[in-house]
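Structure provided below as structure tokens; questions to follow.
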């Protein structure tokens, strides 16, 4: 069931191995034991063409990761999931010279009573 | 007021009639009687260029639909809205041979006290 | 910490000064005094290629602004943040002749216990 969305400002794209990053994040999330079946985890990484960070001058970039889970985990488990994502991202996000790069990660709950989830019949 | 976002992995794009799908989803949501004025419903469908599903091998695709409503509906009504979306999507999502395709639909509430909504003066 | 996402339907792109709009929104949000350090505010504006508004005929466009804040502000403060965004957007959004253009703005809270936020070491 979980959905992961990673957004990154386009000024970070040089040398950012997108598919490898997603595979590595998926692997550590599945290894947490919190995801029942591995295909339940659906991840995407999305470039942002037009971004502005704050009001100051200078090159600035950012990456924002949002994991959506069904309810039922404690805050401690959610924080552990965030940290698993952050560990991969710290290693994978390019650091262009002179650029301030910010990382943020958040875990939120989905709305279980309305949630439809199915594998379409082939 | 409602906002609908449909995301789909790019490997599903062949034969996916995007505008027709949105029109059909909008029609069934308006037919539910839950949307006061039909132009309140604002829908978009967005391709995802870079996706990874789980950790296994094989072709995998997915579609994720998120409907945002103002508060005031029961969970049963929200589940009915999800199911209306799902009915259209099951019919419209392409099924490439050999690909595992997942559909998910979720309905969440917007934050009413901060919500600004207006038609701009022409 | 705050994240701002502005989505706009592609039929509004002619004459829409994207970077200037983001800079002006960031400036008014920082001026609110609600953002501790100006680089905490990370904003993006994103075009939507495929949109459908309601079920009626005629040209229709929309802009949707979502501000994510950490918890701790009253609804009144959130509404003030929405209004600050709306003031800029009313001025900046193009109004093509004959098109119904809708603006919506929403402020939601992030999940603090799972939130990771850091400046990556250069």
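Note that the chains take the letters A, B and C in the order they are written out, and that residue 1 is the start of every chain.
Assume contacts are C-beta pairs under 8 Å (C-beta built on N, C-alpha and C of every residue); 3 or more make two chains touch, one makes a residue touch a chain.
For each chain, UniProt lists the protein as follows: A, B, C = 5-carboxymethyl-2-hydroxymuconate isomerase.
Just so it is clear, the structure is predicted and the values come from calculations on it, not from any experiment.
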item	value
Rigid-body rotation angle, chain B and chain A, from Cα fit (steps of 5°)	120
Equivalent interface positions on chain B and chain C, same or different at half	different
Between chain B and chain C, centroid-to-centroid distance (C-alpha), Å	21
Interface hub residues of chain B, defined as touching at least two other chains	none
Partner chain B, residues of chain C touching it in the complex	7, 9, 48-56, 60, 62, 64, 75-76, 78-79, 81-83, 85-86, 90, 93, 95, 97-109
Chain B partner contacts - residues on chain A that touch it in the complex	1, 3, 18-19, 22-23, 26-27, 30, 37-46, 110-111, 113-122
